[in-house]
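The same chain A turns up in both complexes below, where it pairs with chain B and then with chain C.
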Partner chain A sequence: MSEEHAPRPEEDRREFAEETESLWRVTFAPALWALHFLACYGLVSLACARGLFPIGATRAGLVGLTLLVLAGIAWLGWRGFRQWDVHSTGRRANPGGHAEDRHQFLGHAAFLLAIISFIGVIFVSLPLIMLEGCR
Partner chain B sequence: MTKEPSDTAPRGPFPPEEAMLAEPVPPELDAARTARLRAAWKAPTGWRYWSAVNNTEVGKWYSLTALFFMLCAGVMALIIRLQLAVPENELVSSDRFSQLFTLHGSAMMFLFAVPMFEAISILILPGMLGARDMPFPRLSAFGYWCFLIGGVFVIGSILFDAAPTSGWFMYPPLATQAEGPGSDIWLLGLSFIEVASIAAAVELIVGTLKCRPPGMRVNLMPLYAWYVMVVGGMILFAFPPLIAGDFLFELERSFDWPFFDPTRGGDPMLWQHLFWIFGHPEVYIIFLPSIAIAAMIIPTAARRPIVGYSWIVLSAVGTGFLSFGLWVHHMFTTGLPNISLGFFSAASEAVVIPTGVQLFAFLATLMAGRVKMSLPMLWIAGALAIFTTGGLTGLMLAIAPFDFQVHDTYFVVAHLHYTLFGGMIFPVMAGVYYFYPFIAKKLLSERLGRWAFWLIFTGFNVTFLPMHLTGLLGMPRRVYTYPTGLGWDGLNLVSSLAAFVIAAGFAVFVWDLVRPKGGQPLAPRNPWDAGTLEWTHDVPEETWGVRSIPHVTSRYPLWDDPALLARIDAGRYYLPDAETGRRETLITSVIDAEPMQIQRVTGPSWIPHVAAGFTGGAFIFPTFHLYWPAILCGICAVSAILWWLWRDTARPPAPEDEMRDAGLGLRLPTYAAGPSSAGWWAMWITMFGDATAFSSVIFGFFFYWTAQPDFPPPGAAHADGTGTALAALAFAAAWGLARAAQRLNRGGRREPARLALGAGAVAAAAGIGGLLLAVAPLSPSSHVYPAILCAIAVWIIAHAGLGIVMLLYCLAGSLAGKLTPRHDADLQNVMLFWHFLAASALVACAVLGLAPGLMTGGAP
Partner chain C sequence: MTALACAALPWLAGCAGRQSALAPAGEDAAALHTLFIVMLAGAVVLFVLMNGLFFYLTRINPVALPLRHARLLMAVGGILFPTIVVGTLLVWGLSLLPDQRRPGDGLRLHVTGEQWWWRVEYQPADGGPPVVSPNEIRLPAGQRAELALTSSHVIHSLWIPALGGKMDMFPGRETVMSLRPTEPGSYRGQCAEFCGASHAWMAFEAVVMEPAAFEAWLAAEARDARAPATPEARRGADIFAREGCGACHAVRGTDAQGSLGPDLTHVGSRQSLGAGRLGTGLEDFATWIAHVDALKPEVEMPAYDHLSEPERRALAAYLKGLE
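Coming up: the complex of A and B.
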């Protein structure tokens, strides 16, 4: 990534281009959580209230989806962790004013959000495993 | 990278070098600059004072007004407690009592908690960011005047015995069938305030994104600014569903469209969903800003940087999004399937984790530092104690079976107030004591502050701790009186007496706040030895915000850069001058805060008052079923806003003014369009909120379909296919024409661009016609199916109307020379609106035209 540079036109567009990947990483984990949540709530409602598909199959399908989503979040977290790069730099907090600090901070952000989303997905899926049927 | 740098690209060195910063400014030059800057930012005097738009003035009025509404709601609580002090009391009637608790709850939540956050943020955020002001000062002023008008209207209703009576969440059918204008006052008055809240949230987010000091990259932002972004984002996603709910609700009350009436296919549960999709995040919208205040006070008290900055930021973000997955836990007793309840119960437990992380990071900071028990810290400590108790009872309530037991008893009232006092009142008080010297340049009294603390703290616990027991003994909430002999008498009396101790505490606090302080010495500039930029403020007060906008390289610049303060004062940094005599601030980039533009900031004006007054009329007249005056007010409001935008926003600068010196050798453009400009970001963020509201209406459609066996009812009339298809085509064409206009204008072909703009407006009008044709066969008051289709059409038609106005505005701009090939900010913003409009119009047409066919086919 670029270090200090002279002021340039369309700075915003360039910055976003430079960090596109880490920004996607930051937003993807919560987005996966939200989609998973909506899928659980929506499909169970459709199964129970509308009877569109059997609840047993719905639950099994959703458990499968949960595993996929968890794997996805874990991967995002791992990429974030690599970007944070705490092993080679030893810097946990990134309080500095350089482009490098910002880059590592965004990695750390992606990593932590992945953790939160991971836990969130697990919590939301527990009822799928522990409760049966529509009652 | 071979592109020639255009003549309006930023030029010069950045970041500034040490030698440049060290170079002194000649004293005469500095004096002249200071004088010019002071003149540009001078607050109006005399009666014109009220036309001020400075964040310092508007923020002060805003917070004092919110405080006033809080005190009104507090007085209502005292009357409630007086009534409940003894069994079978006759102080107020049952109807009055309903008005009191409804208005107490609504005012505390809508007129105090959320606006207070925005008010405080408007006051202190620019200071923290070393900005001169918020990016759109007149928008803050507009928001404030809307808030004042709406708040007085809602609170005032109790004086006329006309207040809403159905509880702060207005459940239908109780509220739809309530007599008198009470429910309408709630719906329209509060919608009006919600719109103002959203406006303020947009402004705060854009302020944080685009008005940071040069060098303040995202990883250096003060924690408060992070919380502003999170909470602003939550407001943007949480309020629109409520507004959508209000929209449907008011259509039912005014025109008898049966959205919540089960006899005609409606469903009261839809309101509950929409209300709580808003209502639970609301709890965090109230609670996170208080944590933000704590996050500023704690490092100062501990005299060290916060421990776990990233952890706190990310937990705040995490709490923000998880809190949207909790809403149904307010609906545990409504008979949803157990698994569904389980999802929400589980998510409610999960949200405790990020909340806990934030609290632990604070504790760790305190333990790692040398804590000074200042008055603000005392309030924070009280907050922690109370909030923890409230959190524990909350965990109990999140367990569905326990909730079945205590649902709607005083246990819930106790829990609610523990979280609200611990999560809001106490931290805000801490914030007031902490930031008061920044705001008023005087210190509050230490002695009175301790008195207020102990009175409120003891009073609070003695009032609300016994209520847990009253609730477990079975006393329901919202009853205006109760028989003796159920074991509730003594507990209630204690609660009532102690409520007056709380009131005494607030009286001491308010006295301290407003007592004349003329004889008192000025506060020291940095009384708490804090490290963040707001404490570079000027004592005695200067209205320019900051003498020169510093270059920042760390999270606590005042601690890390000993030369900073002197250099700011000496005008060594950016924008030390107001050469043109106009108000200006620096716009920087979103991620790295690189300087991009010198933006002109608007000054004092009466136009926000005019616009707010007419907007108020447009919302208030319908409460009394006076639709023509309301429509007239709406037209006047739109005209006032257009006038305001036309005169003072996005005007192309004179050619010699295109580039200006920003100081330290840097030359910056004074005009920006598209993503470089603050206005474009504001539009983008607003459209997110708008899209959320629209999605909520669409959610309503699918909700009816899942929840009802006969939706659409057999043999129902559907939307007219030809009209729907025509509308879809016309809106797509309008979008295409708008886009063509933007391209053509950019390319310097102004005549064809104008033609495209005009044609776009005509196409959009044709789209409106198509939609009218489509819904013509429907009679919305007969059943919820035609009603929701018509509601969707109304939504799109209103937006398309706005879209037409915008296109014509650009056309006029092009003809008048306000919009040129290079100065096309207006057109780019309008294009953004049209992207969203076209997408929602197509979704609407799909629902109108296609969904019925699919649904009647598939459903059993």
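Coming up: the complex of A and C.
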């Protein structure tokens, strides 16, 4: 067995830990989108069907939440874009199996998911902005 | 090509008619019609453009695109353009929605879905007592009427395609729709939610009238039934009482006060029988009485096929006379 194939468990674990974290980050933007969706529909239902809170305040609060969520997704997208690192490497795709390729690929995926989540959040909030009251 | 277009022309006749969302006779249906036509035209244009592009790139000029052009095509055609199109349609659709849900400005109706007919009560604008007249919805043209909908057993859905969108009716809940018909005429409504064996036979006439004519009709509808005028009709009234029809049907002004089935006080002036099932000739009444179970499978009303032919005719004459 040659030197370069010798097992190096410590290094592997460190590397894997970093990528686990990066793998989690890929899910953050769609998760924000999902939570925003749940908050919008859930709170408007509670305001309209149960009358728990006034609908005007609910709408204003949810518009504020929407802006926060959009900012969060934009930040996640920016981080993903930086991790993808397309400008300095010039590599759009990362087909190689090296740690760096995996790292950049996960950044790329996070960036694209952030774009679609951003659009999704805007579409979910349009009825909130355009439809007045509970009718 | 011309021959093909000519051959297709007769099919366009299917777009007109009394139960077509493509022949709108009201404000709400007109808005939906415009939305549909614009989306259809847009879809046709997109279909032709996409297939034209495929054809061009695979047959006419099958060269590899420069990478930069391909990426631009994907970013613009795959992300930017669909986002803008879907976003625009969403904004437009949402801007139409409040109009469809606008509260009424006059007449208010209560419609209850039954198995398989429509219980309809008109609440006049002047606050008088409600007027009961089932299986037909009459509306004054140029006014926005509000329909409060509910159901007694299962979920139904009220839909008059020529006048507006559909709205579900739930047992124990009230939903509201409003309609502003513009063209006087007779249209056909239909239950649009599967509700059992006779779902397809659960229809009704939707009659749009000039406001003055509507007021006159409503006043007439509020009156008690007229007494049978001919000897045959009087015999029919006796048979009606003898057979116990009044246990389920009301004929206001008589002993018949049942409320399980449709109110028959003015059944002779309706435009259909059995919730859009038959016409309103004498023969239709006689057929309905004898074969109701065949005409409307699983209906609650028993078929009175034990009545003799003359008895059926007499009963038909009585009911037809209830104008």
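Basically, the second predicted complex is superposed on the first by the 117 of 135 C-alpha atoms of A that agree within 3 Å, B and C clash if a C-alpha of one lies under 4 Å from a C-alpha of the other, contacts with A are read in each partner's own complex, and residues count from 1 in each chain.
We take it that a residue touches a chain if its C-beta (ideal position, glycine included) is under 8 Å from a C-beta of that chain, and two chains touch if they have at least 3 such contacts.
Values in this document were obtained by computation on a predicted structure and should not be read as measured data.
In the overlay built on the shared chain, the residue A:46 is in contact with chain B alone; chain C does not reach it. Note on chain A: of its two partners chain C and chain B, the one contacting more of its residues is B. Residue contacts after overlaying the shared chain place A:13 against chain B, while chain C stays out of touching range.
In the superposition on chain A, A:61 makes contact with neither chain B nor chain C.
With both structures placed on the common chain, the touch criterion links A:97 to chain B but leaves chain C unconnected.
Once chain A of one complex is fitted onto chain A of the other, the partner contacts of A:127 extend to both chain B and chain C. In the superposition on chain A, A:119 makes contact with both chain B and chain C.
Chain A residues in contact with chain B (one complex) as well as with chain C (other complex) are 119, 123, 126-127, 130-131, 135. Against chain A, the residues of chain B that register as touching in their complex are 5-6, 8-15, 215, 217-220, 305, 308-311, 313-315, 317-318, 321-322, 324-325, 337-343, 345-347, 349-350, 353-354, 552-555, 589-592, 594-596, 666, 668, 675-676, 705-707, 858-860.
Those residues of chain A that touch chain B in the shared complex are 4, 6-13, 15-16, 19, 30, 33-34, 37, 40-41, 44-46, 48-52, 59, 93-97, 99, 101-102, 105-106, 108-109, 112-113, 116-117, 119-120, 123-128, 130-131, 134-135. In the complex of the two chains, the chain A residues touching chain C come out as 115, 119, 122-123, 126-127, 130-132, 135. Contact residues on chain C toward chain A in their complex (touch as defined above): 79, 83, 86-87, 90-91, 94-95, 97-98, 101, 103.
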